[in-house]
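When the chains are written out, they are named A, B, C and D in that same order, and each has its own residue count from 1.
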Amino acid sequence: MDTPQSTKGGLLPEKQRDRLHTIIYEADTPLGKTFDIILLFVILLSIVAIMLETVAPIRVKYGYALGVIEWVVTIFFTIEYIGRIASLRQPLKYIFSFYGIIDLLATIPMYVGFIFPGYGYRFLISIRAIRLLRVFRILKLTHFVGAGNQLTAALKKSREKIAVFLFSVMVICIILGTLMYMVEGPESGFTSIPTSIYWTIVTLTTVGFGDITPLTPLGQFISVIIMIMGYGIIAVPTGLVTAQFINNAAPPQLNTQACPNCGAQQHRDDAKFCYKCGSLINPDKTQNAK
Amino acid sequence: MDTPQSTKGGLLPEKQRDRLHTIIYEADTPLGKTFDIILLFVILLSIVAIMLETVAPIRVKYGYALGVIEWVVTIFFTIEYIGRIASLRQPLKYIFSFYGIIDLLATIPMYVGFIFPGYGYRFLISIRAIRLLRVFRILKLTHFVGAGNQLTAALKKSREKIAVFLFSVMVICIILGTLMYMVEGPESGFTSIPTSIYWTIVTLTTVGFGDITPLTPLGQFISVIIMIMGYGIIAVPTGLVTAQFINNAAPPQLNTQACPNCGAQQHRDDAKFCYKCGSLINPDKTQNAK
Amino acid sequence: MDTPQSTKGGLLPEKQRDRLHTIIYEADTPLGKTFDIILLFVILLSIVAIMLETVAPIRVKYGYALGVIEWVVTIFFTIEYIGRIASLRQPLKYIFSFYGIIDLLATIPMYVGFIFPGYGYRFLISIRAIRLLRVFRILKLTHFVGAGNQLTAALKKSREKIAVFLFSVMVICIILGTLMYMVEGPESGFTSIPTSIYWTIVTLTTVGFGDITPLTPLGQFISVIIMIMGYGIIAVPTGLVTAQFINNAAPPQLNTQACPNCGAQQHRDDAKFCYKCGSLINPDKTQNAK
Amino acid sequence: MDTPQSTKGGLLPEKQRDRLHTIIYEADTPLGKTFDIILLFVILLSIVAIMLETVAPIRVKYGYALGVIEWVVTIFFTIEYIGRIASLRQPLKYIFSFYGIIDLLATIPMYVGFIFPGYGYRFLISIRAIRLLRVFRILKLTHFVGAGNQLTAALKKSREKIAVFLFSVMVICIILGTLMYMVEGPESGFTSIPTSIYWTIVTLTTVGFGDITPLTPLGQFISVIIMIMGYGIIAVPTGLVTAQFINNAAPPQLNTQACPNCGAQQHRDDAKFCYKCGSLINPDKTQNAK
């Protein structure tokens, strides 16, 4: 029962551990899938309960029921967290992984709130919501996962350009925000440079809350420039991502064949001869050539 | 007069039924076209009447006339609805179709409002407006219908990616909305998590009503991140749809046939001869060529 | 001096008329160019004068000077308008052309305002501003005119799709606006269906003034749907225009040659043989073929 | 020590000058890199100090410390500015260059504020913020610099079209702004034509502050047109930049050479041999081939 491996790596005997692992981590077996779907509903339930509790009239009426739900959910999460640790050979890897930390943070605030009531209690809300991110993995819809991967890939490839773009925008916002502070001043609501930069970003991104608005003609003129700039430069991230999508999706102009002679790649799709050494690329297909 | 078919499938004798069918459902015959255009104007009239009735000064002045129009329109719709049922062999199919239900819902509220005045009366408004969607079919402008189909096709093809995108945005909004509730609290108008998530979506989509705005420096900082995120990730749906439009527009011009003689591909869709070697591309289809 | 033609078609003797025509209508001769540039500055001057007159403190201080400028400008426009008519063989064509009507409308309000003071006076402002549209023609910057033509061409080609898109958006706004009126009602500022539709468009286009905002949870929920819809479907016009720009800019896949045998066009760029009749497309370039 | 060159062109002896030049202008040597990173931090420090000083509660508490930081930073900038001048052969070129003027403007306001306190003092803020633009050069991240260059190149190429677009938008805004002034008038907050044009731009760019909103039905109708226009024509800059990004990314892979043997075109840029017939493309460049 106690092989050296199992005592080294895990908290449970090998067989039970592997069984538990299949249920908790895999979604291909019937039991694993059932577990994942239950988990998904429990997460949704906990988020809805937390949300409704912050709505004053609902809290007054159903506060007790919502509290019960939250405790039930917390106990479920606690068992699940212990189960996740117990079912792994190297539990520390999970504990310090991104989702491991989220799982812990989503579980403990309820206990913390029990010991130190009031303020600390509120914090658990946000952390538990983060758990919803796990939904993608649980559903394992290959179609949508594929679509998601394509999106992520396109965004990753234009990451550097987007970073340069955002940094430039930030510098522009600091300069224009400071200028607006100088022009408008605290009388118009531009109480400080940070506030003024906040306003500049609100305007540049075309959000435009209207909590602060320029009152002087010069301030309105600079605002107009900020708005038109924001209206125009939205083209930059859009263009970058679109170009990436098109280049990803469209059949590339250059094929994936390698020259049998010199190994050169990325030939034109209709190339018969290697562009580097002039030898036939695919002799089988073009027997009668030359 | 009573063939087995007509008694089985419809409410009217075969001849009259088919005549009525031509008028109501077809737009190619002069009578059918006239009917459709009249219907279009009656729908527009009813929507305008309903709209104007909600404007207080107009209701005071022309309330009676508008009420008359609404009753006339309702009677017209009632006759049309009965006509549609009577002109079909299988009227049940129409009754439970999307437009069948809309037609019914657009007709009955006036009668319901007559029996139970007040609240129920107001509901008919929205439902009748939905009928305008039928306009496309009535006008039968092939050019525009084609353009509409292309739009729909492009949107349908990027449906999955848009779904993944929207779900991710939703999760982000839940997390950031909760965070904003924790940071700002009810004092700044973030009265509950649902309200806070509502505000996050208002901000992320760059709508920015300004009914709720962050007041603390940390809240403003998170807002800035939400805005820049919203300003940037609008690139994703835009890029997806654009890539779809480009891929739809460009390649369908060239087909997938290969020349039986030289193997050249990407011929025009209506090509008879290979553009490379001049031989017949598809001898079966064009027997009398050459 | 009086040829039958000149007495028939124009108001001035042929020579003077043509001279005047060169000055007013052409921008290639030194005199014509000078005239056009003066005209440009006069238009700008008149717009700036009208703008400044509406600013209360400036009107108080410089009202008299601005009034003088407006009269000088009006007299200049009057002379120019008469000159345009006198310099043409068929002056009626100009008088009833788009710019002819604008020129008249930009000139008479000052005289009308002289006879009927007050209200009528204000109307001239907008009409004179429209004249600025002529600036493009006056500057005759070929580079920019070319860029402008490309823009116009791309927009024109996607006109039908944009029309279908806008009509669909309009129908959606009517339905959702009515729904919001029913849900929120006059208490939240949704005083009538037209106002409610106005609010829906403000929200869907992500403008979001914040003068009217939903107060009920259901209203906020529908708002969120409107916002996300608006945030997403902006991809449609953007995608359409982008696809048009790319297809316009990129070397078209199909060339402009016509088959010397059957006259078929739009061959592939690398086509040797006509795709329709199989004959050589350009015998001179491909002598050694077949 | 005094060569004719050094006395002509610089303020320091040649050796020291070149040494200083390496430290201040180069980022490849260890000393130069250290200097640049220190400079970067000092600039950031000065901006943060200036920002925090405008926040009332922080100014009250830490005003003295922030003042000390600003003076230390100013002295650092003074020394750096003198060093930059001293390390160059032709210091005047730097003094009157873009960054030279910024460096001066970022240094003197503190001294000016010492002599003329109050108003002048505030002006230094904005100017010093501009210095952050230098960050790109200092970091010398080749990847990001490359991405930045690509962005700039794409924006430059569509400059003319964007200029035509912005001018057209400006003319539309003048006309529609004047129209809104006429329709709404000062009672709704449209106090003058410039204010009305400001509002039109706020609406067209979908910012929508909500500080001014139309109150009349006609005004709301025109607003709706402005909004839909703004929602639609954002496609133009987006489309232009996207098309530029795509054309930049895709076609430069294939060159414009034609094979001297078979005339095939669109070879890869580094192609030596024709992809169609295998003969040398450009015999002059590749003499030793074959």
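Annotations
FYI, contacts are C-beta pairs under 8 Å (C-beta built on N, C-alpha and C of every residue); 3 or more make two chains touch, one makes a residue touch a chain.
Quick caveat: nothing in here was measured; it's all calculated off a predicted structure.
Annotation: A-D is the more contact-rich of the chain pairs A-D and A-B, by number of C-beta pairs in contact.
At the chain C-chain D interface, residue numbers used by both copies make up under half of all numbers present, so the two copies contact each other through mostly different positions.
Computed from the mean C-alpha positions, the centre of chain B lies at a distance of 43 Å from the centre of chain D. Averaging C-alpha coordinates per chain places the centre of chain A 31 Å away from that of chain B. Averaging C-alpha coordinates per chain places the centre of chain A 30 Å away from that of chain D.
Shown for chain C are the residues in touch with two or more other chains, namely 194, 206-210, 230, 234, 238, 240, 242, 246, 270.
Viewed as a network of touching protein chains, the structure reduces to a complete graph with every chain in contact with every other. By the touch criterion given at the top, residues 47, 50-51, 54-56, 122-123, 125-126, 129-130, 132-133, 135-136, 143-144, 147-148, 150-151, 154-155, 162, 166, 169, 194-195, 198, 201-202, 204-211, 230, 234, 237-238, 240-242, 244-246, 249-250, 253-254, 266-268, 270-280, 290 of chain D touch chain A in their complex.
Taken together, the chain A residues at the contact with chain D in this complex read 160-161, 163-165, 167-168, 171, 174-175, 178-179, 181-182, 191-194, 197, 203, 206-210, 213, 217, 220-221, 223-224, 227-228, 230-232, 234-236, 238-240, 242-243, 246-247, 253-254, 266-268, 270-280, 290. Note for the complex: chain C touches chain A at residues 206-210, 238, 242.
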